[in-house]
Amino acid sequence: MSDARIIDQGYRPYEGPRRGRAGAVRSLAWHSVLRALGLRRTPWAKILPIASVVIAYLPAAVFVGVAVLVPKRVRDQANVLPTYHGYYGFITAAIVLFVALVGPEVLCSDRRNGMLGLYLASPLDRGSYLFAKVLAVLPVLGLVTLGPPLVLLVGLTVANAGPEGFGGFLLVFVRIGAAGVVISAAYTALSLAASSLTDRRAVASAGIILTLLLTSVATHTLVERAGANEHIMLLDLFFVPFELVQRIYGDPGIRPSIATGQLAAAELAWTVGAAAVLWWRYRKLTITR
Amino acid sequence: MIVVNDVSKWFGDVVAVSDVSFRVGPGVTALLGPNGAGKSTMLRLLCGLTTPSQGTVRVLGADPHGDPALYRRVGLVPQQEAVFGSLSGRQFVRLAAHLQGLAQPDAAAVASLHVVELDPDDGRPMSTYSKGMRQRAKVAQALVHDPEVLMLDEPLEGLDPRQRLHLIELFRRLGSDGRCVVVSSHVLDEVERFGSRVLVMAQGRLAAEGDFHEIRALMDDRPNRLRVRTDHPRELAAALLGADSVVAVRLQDDALFVDTDDVGSFRRAVAPAAVRAGARLLELVPLDDDLESVFRYLVGRG
Amino acid sequence: MGALYRLFLRTQATRGRLIGLLLLGALAVVLGYAVGASPSADPVDDGTILMVSYGLALFVPVATLVFASAVLGEPNEDGTLVYLWLKPIARWRIVAAALAATLTVTLPVVVIPMVAAAAATGAGAPLVRGTLAATVLATIAYTGVFTWLGLRVKRALVWGLAYILVWEGFVARAGANPSRLAIRANARSLLVRMSGGPTRLISVSKPTAIAIPIAAAVLGVVLTIRRLIRQDVA
Amino acid sequence: MSVVRGTVVMKRWGATTALSGATFTIERGVTGLLGANGAGKTTLLGLVLGLTKPDGGSLEVLGLDPTTAGPRVRERIGYAPEHDALPPDVKAHDLVRHLAEVHGLPRREATARASDALWHVGLGEERFRPVGTMSTGQRQRVKLAAALAHDPALLLLDEPTNGLDPVQRESMLDLIRRIGSEFGIDVVLSSHLLEEIERVCDDVVILSGGRVVAAGALDTLRRGEAGLVVEIDGDVEAMATRLRAAGLTLTVDGARLVIDGAEDVAADAVRDAAVALGIGLRRVQRRMATLEDVFLAAAS
């Protein structure tokens, strides 16, 4: 009996388990994270995200290096190491660049290249689609808001230039976490809201940068040059999250006259407002016309 | 009305059209070919939207690229879907009428919209139009100035069956009253209804030109195949093999598939053969003398 | 050519562009008010510096770029240009209608906030007159150049921004002779001469400051017409 | 058990009524969904997918109610939309695997099935190229593979041959026929090209003005009265008079003879008349209405 056989190459049905909507949200979120970071895409799409990450982590690495090489005595006099909350100054540029890139990348392209129609014909619906996208943007932003200070903290502790004792370490660790959440929340909402208003990534990115720039230049000039009431700064999207971070670290910040409560309220208002714009735009989008 | 002499066109090092010559007179001519065969480039050459790298194109005696006055007598339905989204259908067609220098642009626009069954009083912007409505607006703007030469690139895309029939009838009528209508389309059974004159392009070259029935007849290397159903298949098969015009007979799920290299004499031989075999001729259907088969033989792989 | 003019007006004045540029204009007025209200600032000098830096170097060119690069650039890219091109009208008429519509939209959006900002600085009539003249002249020049750019290259916004920030940014500050090549430098010289602002900002004579921008505009228009005649249309 | 069952389905978009009481069933195999523009086809597809809720009546898809079990229904449906916009910089294989995962398949299984699906639709090694570099024909196949990869029970195709040239169109229609038969997946094909529907579908549902105006197996719908249609290569009048002499009733339509009555009697008469007159026979066929006739009659 010959043992030759032809295996039917025909169509094989799938009998295995299906993961339903939760699985769909997970795979969409993971796919969006990869796209936002430019992985598995043309090298051109990788340059900006990677450049931003480098800008954010390089200073931390340098400071850790300094802590390791330069003896403690010299370090203290020169006071060269930054305070943890001081470090956020370094990563502002990276955060703005990421905010302007990530939102448009994960939202605009789906609408422009017809993928949204395919997603909504899957177990996902508009709510779970947006939830997956937020799930994707938060960790990506976390990469530049949580990552760098953590690297700094761990690096300095290893080079025994870190905070005193485990209690001190834990306190800074929690503060970094809180600061990361504060920054990521506001900027995720802003980035996604702006990206829901237009299909073109470039226009959305320009819109985000323009809004950040305009509000900060306008409020800054009014307060500095025209002596307007300082609370106008609550409209400045650059100022509010980072000032709140200073308060988290117990530092009075650059505008002590504005109460931390007001700052938190402004942050919440911006985040909820942007989220409302996002939901309103996606609720009324007509896909299958 | 259209004369194309040894025209070639290349973009960078890609040859879109190479050394094509033909003439097109009044009536409907179908420009056919697989995707990427150079059809759209040829249509754009005929409208003067691009210039030939070599050779000459003359429409109504004029050079379509260098002589804007010619456009008074030429109408085009382009392939792309983009239109001025903020304009309503009527404004869009009236704009065309105005730029054509018509005396009554609005009246002409209304008339043209009626021809394509679009409501002139529908003020909604075209950005809200369905694909079918946008397509009809594009046809209306090409007809509004009553052109002598009409170029149609996939004019029926997005239209429903009834609208397709209506426009096919319209284009046929335009062709029959002396205009030169060039239609590019992939739906061959509809192209057959426009008329039987075709220009078939493949890989940038002209593969065939003329009435597609005659083109089929020229293909003597391709025997005509017909399907025959009868109550006595084996007997009829034997009888048919007796006729010298028959080259092959195949029996498959109670039908005979007959190949003949002389379809004319086969037609006269089939009835006598049936009588000899005592077989009833329930069905006799030619399988490959339609445009689809002609196209596949010219262009397809086998 | 009224129909073409009205069409271009409609395709130009889109909600997105108007909102974005009105915000930029509003910022100019805010900055002007800030100069006016600030005790330490010298209205004429600081006012002139504001008008020259934020105004002529950023707001005017960017606003003009947004409108001018799109007027013919957008129809050329999205495939609607064929509905204008395949018509028995001279190509220069298409360009004329496009330029007229662009100026009709751009001038108010640019000139009004600039003049308001100049007034808000409290530097008085000379700065207002200088700003008005320089802004109108610069807008006309940029309109010519960017209309051509929109037709000539894909993603004209990116190239236009590069021209404004890199070429004009560099050339305008590179001393007397090279600065003639930058529209900004000519407009700046005209404004400063009229407003009596710091003389170090002046790099060309008054006639040149007027002639060069107009020459740039004319050159832009001619190139646009030539391009429209010779190019392939989708 | 029918695949989709709709009873008096109503749907309004603001002032316009898209569906005004559509009652229909979609059976196994390949079903054609026809209708004029605005007759409610797209709305119906949206309701079957559970993207929108009907304003009246009820709908059952694969035994589930799409209004309540939307995600579970959509998990078992493959949808290939009409437009062929796809992300240009994503490789076809990655796109199909991603959509299979989004429909609930674990990663490893999704990767294998993506590769199979692309092979079944006829894409060879070009499946690892970015979609943007593909021709319209290849992109339509990628879309079909994306709808097949997660093994749907029901495939919704919206104008799948849009933009394809005749040769590509032919192979796409063969593929759809194989999916409906060999693959055992039921297909709903929404299209305006009646000749293609005739070639591929077993039955049809025809919508007009938001209601179902005709539905059922194609053969039964097309069965006109008995009779024969004959085209000859010679003098039509001579043939006509001879056949009338043989007792047949017929009408002459240009080069065609349309003979009423029993097909076998007519066939023999035509054969004998052709032999007697020495006239060639071009075509002899049972009289059947075309789907176009059925559509125009129903949709008017």
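Going by the order they are written in, the chains are A, B, C and D; count residues from 1 in each one.
By our rule, a contact is a pair of C-beta atoms (placed from the backbone, for glycine too) under 8 Å apart; a residue touches a chain by one contact, two chains touch by 3 or more.
This one's a predicted model, so the numbers in the text were calculated from it and none came from an experiment.
Q: Name the chain whose C-alpha centroid is farthest from the C-alpha centroid of chain D.
A: Relative to chain D, the chain with the farthest C-alpha centre is C.
Q: How many angstrom lie between the CA centroids of chain A and chain D, rounded to a whole number?
A: Averaging C-alpha atoms per chain gives centres 47 Å apart.
Q: From the mean C-alpha coordinate of chain B to that of chain D, what's the distance rounded to whole Å?
A: 23
Q: Counting in whole Å, what is the centre-to-centre distance of chain C and chain D, each centre being its mean C-alpha position?
A: 56
Q: Return the residues of chain B touching two or more other chains; collapse runs of consecutive numbers into ranges.
A: Where chain B meets two or more other chains at a single residue, that happens at 130.
Q: Which residues does chain A have that touch at least 2 chains other than itself?
A: 289, in rising order.
Q: Multi-chain contacts in chain D: which residues touch at least two other chains?
A: Residues: none.
Q: Which of line, ring, star, complete and other names the graph you get from chains that touch?
A: ring
Q: Under the stated touch criterion, can you name all the chain pairs that qualify?
A: Touching chain pairs, listed by label, come out as A-C, A-D, B-C, B-D.
Q: Flag every residue of chain C that touches chain A in the complex, lowest number first.
A: Touch list, chain C to chain A: 16, 20, 23-24, 27, 30-31, 33-35, 37-38, 41, 157-158.
Q: Given the complex with chain D, which residues does chain B contribute to the contact?
A: 32-37, 130, 132-133, 157-165, 186-189, 264, 267-268, 270-272, 274-275, 280-286, 292, 295-296, 299-301
Q: Would you mind writing out the residues of chain A in touch with chain D in their complex?
A: Touching chain D: residues 10-14, 16-21, 23-24, 27-28, 31, 40-42, 45, 109, 112-115, 117-125, 287-289 of chain A.
Q: In the complex, go through chain D and note every residue touching chain A.
A: 42, 45-46, 49, 51, 70-72, 74-75, 77, 79, 81, 83-90, 94, 98-99, 101-107, 109, 113, 116, 120, 146, 150-151, 156, 182-185
Q: Under the touch definition given earlier, write down the residues of chain A that touch chain C in their complex.
A: Where chain A meets chain C, its residues are 198, 202-203, 207, 210, 214, 217-218, 221-222, 224-227.
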